[in-house]
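Below are structures written as structure tokens.
The two complexes that follow have chain A in common; it is paired with chain B in the first and with chain C in the second.
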Partner chain A sequence: MFVIRIPRYWRSKGFRYRLEGYRCEKCGHFHHSPRLVCRKCGSRSIRRDRLSQTGRLISYTVVKSSTPLFEQYVPYVVGVVKMVDGSLVVGQVTDCDPEELREDMQVEVTLRKIRVDGENKLIQYGYKFRPVIE
Partner chain B sequence: MTNHVFASSVTLFKKLQEVMAAMPKVNGAYIHGYGGYVPRFRIKAAEIARVWGKDEKDVPIREKAVAGLDEDTITMAVEAARQALTRAGVDPKKIGAVHVGTESKPYAVKPSGTIVAEALGISNFITSADYEFACKAGTEAIQTIIAMVEARRIEYGLAIGADTAQGRPSDALEYTAASGAAALVIGGESKDAVARFEYSMTYVTDTPDFWRRSYERFPMHTSRFTGEPAYFKHTLTALKSLLQENGYKISDFDYFVFHQPNVKFPLTVAKVLAIPNSKVETGLVSGIIGNTYAACSLIGLVRILDSAKPGQRILLTSFGSGAGSDSLVITVEDGIESKRNKAPQLDKLIARRKEIDYALYIKMRDKIRGVQ
Partner chain C sequence: MQEAILGVLRRVAVIGVGMTRFGKLEDRSLMDLLAEASIKAMKDAGVDYEEFDSVYVGNMLGSVVERQTAIATALVDRLSLFPAAAETVENGPAAGASAVKNGFQAVASGLADLVLVVGGEKMTSLDTATLTDYIATMTHPEAEYMHGATLASLAALLMKLYEQRYGVTEEHVAMVAVKNHRNALKNPYAHLRREITLEEALQSKMVAEPLRMYYSCPISDGAAAAILCPLEKAGKYTDKPVEIKGIGHATDYQTLHEREDPAVLKSCKYAAEQAYRMAGLSPKGIDVAELHDAFSILEIVESEDVGFFKKGQGHLAVEQGVTELDGVLPINPSGGLKARGHPVGATGVAQVVELVWQLRGEAGERQISKNAKRGLACNFGGFGNNTLVHILEAIRK
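Showing the complex of A and B:
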């Protein structure tokens, strides 16, 4: 069974909670986890950065059959979002029925429960996208 | 009943004057940003009445807001606090305290505020705690942040009230127990502050009107105590003591906002105090979103701030079972005009309405056993 281990989840909370990662100062490439060397250009000058909190939904799929871990959320939407800086982020789209979805729609980052660990009941929170409220 | 409440609270107030311990005046604590959050799902009270064979004409509100499957007190606190920070325009690293008032914290042990703080990129060098005082926990968090700002322990602090309130299936509370959150960024004097705290007054007693023991999923309440000795006594005593202390009259206020367990109770308080309904209606939202517990009077305040003008004066009085009330005098400042539109107005959140039936409702509120 697929399980997200607690220490691994905890280490990645900067990205999972607020889309905070590591940006190459030379080529601008954004990495989700800490890196000494840029994956794209090999530069060693990397600094912490946070992605913008809004973007455009460029592609999505509606999940109707999931692993038991996410069964209660079915149907749910997973999308690819192009953030303001051009970075692509994959994530669930919430507060939106499948029939309300449109490609190119403006979405914003929100914090939601991703899942609850069945055994120890720890709640794993993380970013999801939802239609911009305006 | 209402005249009796009025008379008894006046007598009580006279006794009280001799023993009042708190200093009501607030020195230099301002609202810099505010935010409110209402989840998009709604269940009509008539739908709940249908399931339990009750007459839908007797229901206390029209409908209530229900948190989605992926929402809880922490996620809603983050939603409201994010708006408050956006409106305040304050660097999250300058926030020195995050205090969350709630009776539905997701963990019995593990603070909600630390998760809220990390989600918003707030400093790790903060004080943080969860407060519990039934529906008064949100204003309790505000009192603490105000005091920390007044004492200059912190530059800015975040006070949050948030709840995903639960009522036992078929219980009277099931019609109104709702989900929502509200947050305030509070800091010192500044020309672009949204509003200023002028006075605060708290009145508490030991009253057995509503409680929930550890390990119990749903609260207990005594109908004998709910109205007069609990809600009305505490609301009126805190409010009148505050007026008495600072010399204000009812006519000095442009808006009143009360805790709203239903629609009738706050309107009864207005009637007792001869407050025109027009000064109560803006902040009265329980009819369309329900009783959001620790967020309740604060969501009303958010809706008032969405349209209030500089110089207008607001009197907010919360109530929490157990029991007690916080009464706060808040004066709107010039910064409101430039900050109001930096985040969506509360009515936009209320308008995202998606209606659900009772079956979906019990799935969302985790009332189906045997499902992980």
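Showing the complex of A and C:
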């Protein structure tokens, strides 16, 4: 019932696996999904690019009640991360106790299992963040 | 809206309203609810079945919850409103307000003389987790949804930002919920007719830190309807027409975290500014408001972004009782989404229905104490995004 059709999922793999998106060549704004026009400056010169592998956690929430496919993972942390180029990205923060989190802490990208689709049994992978051990 | 157009448009009045009770209505289908609200509005306006030119139905989830599409076609059939034009309007949780806007446009342009606008939703036949998932599908598929970012988690991030930046405390957010529950106690149509205490709210189940269950709306079934016609013909039906004086509608970035300033609901600001301009009013001209408090923090944020209070001061108004039923500017006298309930497609119309009752002085026990002449409704079609604002004004003889 909550199925994301496999081709639709496959089409979005660039950003999900590698934080690969579309950067405006004129103003440098990064878009996580395909754009024909830069949403910041209106330029049409856009090239594929990847975000950095590290960033800083600027805000987060600990989710304690969720949707069926995420319910088995609660509590989980949804964070907002500022990447090196200033782009903001939402992702789960893993490999740590929520208690250890603090704002402005350095995090890095890691590829993880996100959830298992209930109907297709498709294991959905994607990026998550984890604290950088300093 | 271009100023030049305003002189050309016909003025539009709401001549009748009605709604079902909101709540867990197990014995009724979506179509039953839409029909009940419509018939009540028709009775209120005293209109005959054969008179309608157009029917607009606001609905978001009929296709997934009831496995029914083309809802408006079915409703016209159910009510024998043939050959009225029928159209279903899907605009997320702003489907209701979008239906009102469509109705306004049809009448104002001269395309239709009598329009039925109805919004409705059947939600309680699904469990909370499944519904949370359907609602979450309106977030960005790759940038939010796939990370398990629920609407509640976005509201939690906004609440945190407000706490850090403006000194809003959890108590302020809880006070909004307590107020709206208290108002709903006086509203026979409300889903949660139960007073709650601050302590109870502060100890309720954590959904996404720092957001608790009592700071979010329940899952409800329900429908609401309004009948529109040109103001010049309103006298044929009612001696208490309410004019739709201003409409604003604007959008912003889909993802909360990428907005210019996530603490500012720009679409809400733009929509409100448009509506005030069209109505020739400022925020000071508003006597009562129905805001989209799907999460209690949103009522505080919206009260600032529609221009009632300065940015960062909405919580002080709550603290001082300004937004209570007997305050200077009552907000959500109906109980709001929090306590009247939030059957998503119904909400935008239910807000208009409540304002009509308040402006006609027919809101019973929850009638605001000041003499209300103008009301404002704000309905979101995304998280603090795709905002519609309607301004209504009582026409008194």
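As a working rule, the second predicted complex is superposed on the first by the 129 of 134 C-alpha atoms of A that agree within 3 Å, B and C clash if a C-alpha of one lies under 4 Å from a C-alpha of the other, contacts with A are read in each partner's own complex, and residues count from 1 in each chain.
Throughout what follows, contacts are C-beta pairs under 8 Å (C-beta built on N, C-alpha and C of every residue); 3 or more make two chains touch, one makes a residue touch a chain.
Keep in mind it's a predicted model, so treat the numbers as computed, not measured.
Of the two partner chains placed by superposition, only chain C is touched by A:61; chain B is not. When both complexes are overlaid on chain A, the residue A:33 reaches chain C alone and has no touch with chain B.
By the touch criterion defined above, A:124 lies against chain C but remains apart from chain B after alignment on the C-alpha atoms of chain A. With both structures placed on the common chain, the touch criterion links A:20 to chain B but leaves chain C unconnected. After overlaying the two complexes on the shared chain, residue contacts for A:52 are found with neither chain B nor chain C. Greater residue coverage of chain A by touch, when chain B is weighed against chain C, goes to C. In the overlay built on the shared chain, the residue A:114 is in contact with chain B and with chain C.
When the shared chain is aligned, chain B and chain C each come close enough to touch A:73. Of the two partner chains placed around the shared chain by superposition, neither chain B nor chain C is touched by A:43. Under the contact criterion defined above, the residues of chain A that touch both chain B in one complex and chain C in the other are 68, 71, 73, 114.
Interface residues of chain A facing chain B in the complex, by the touch rule stated above, are 13, 17-18, 20, 50, 68, 71-73, 94-95, 97, 110-114, 116, 118, 123, 125, 128, 133-134. Put simply, chain C touches chain A in their complex at residues 129-130, 132-133, 136, 140-144, 146-150, 152-153, 156-157, 160-161, 205-211, 213, 253, 255, 257-258. By the touch criterion given at the top, residues 40, 68-72, 74-75, 78-79, 106-107, 115, 118-121, 344, 348-349, 352, 354, 363, 371-372 of chain B touch chain A in their complex.
Listed in rising order, the residues of chain A touching chain C in the complex are 1-2, 4, 8, 12, 15-16, 32-33, 39, 59-71, 73, 76, 78, 80, 88-92, 114-115, 124, 126.
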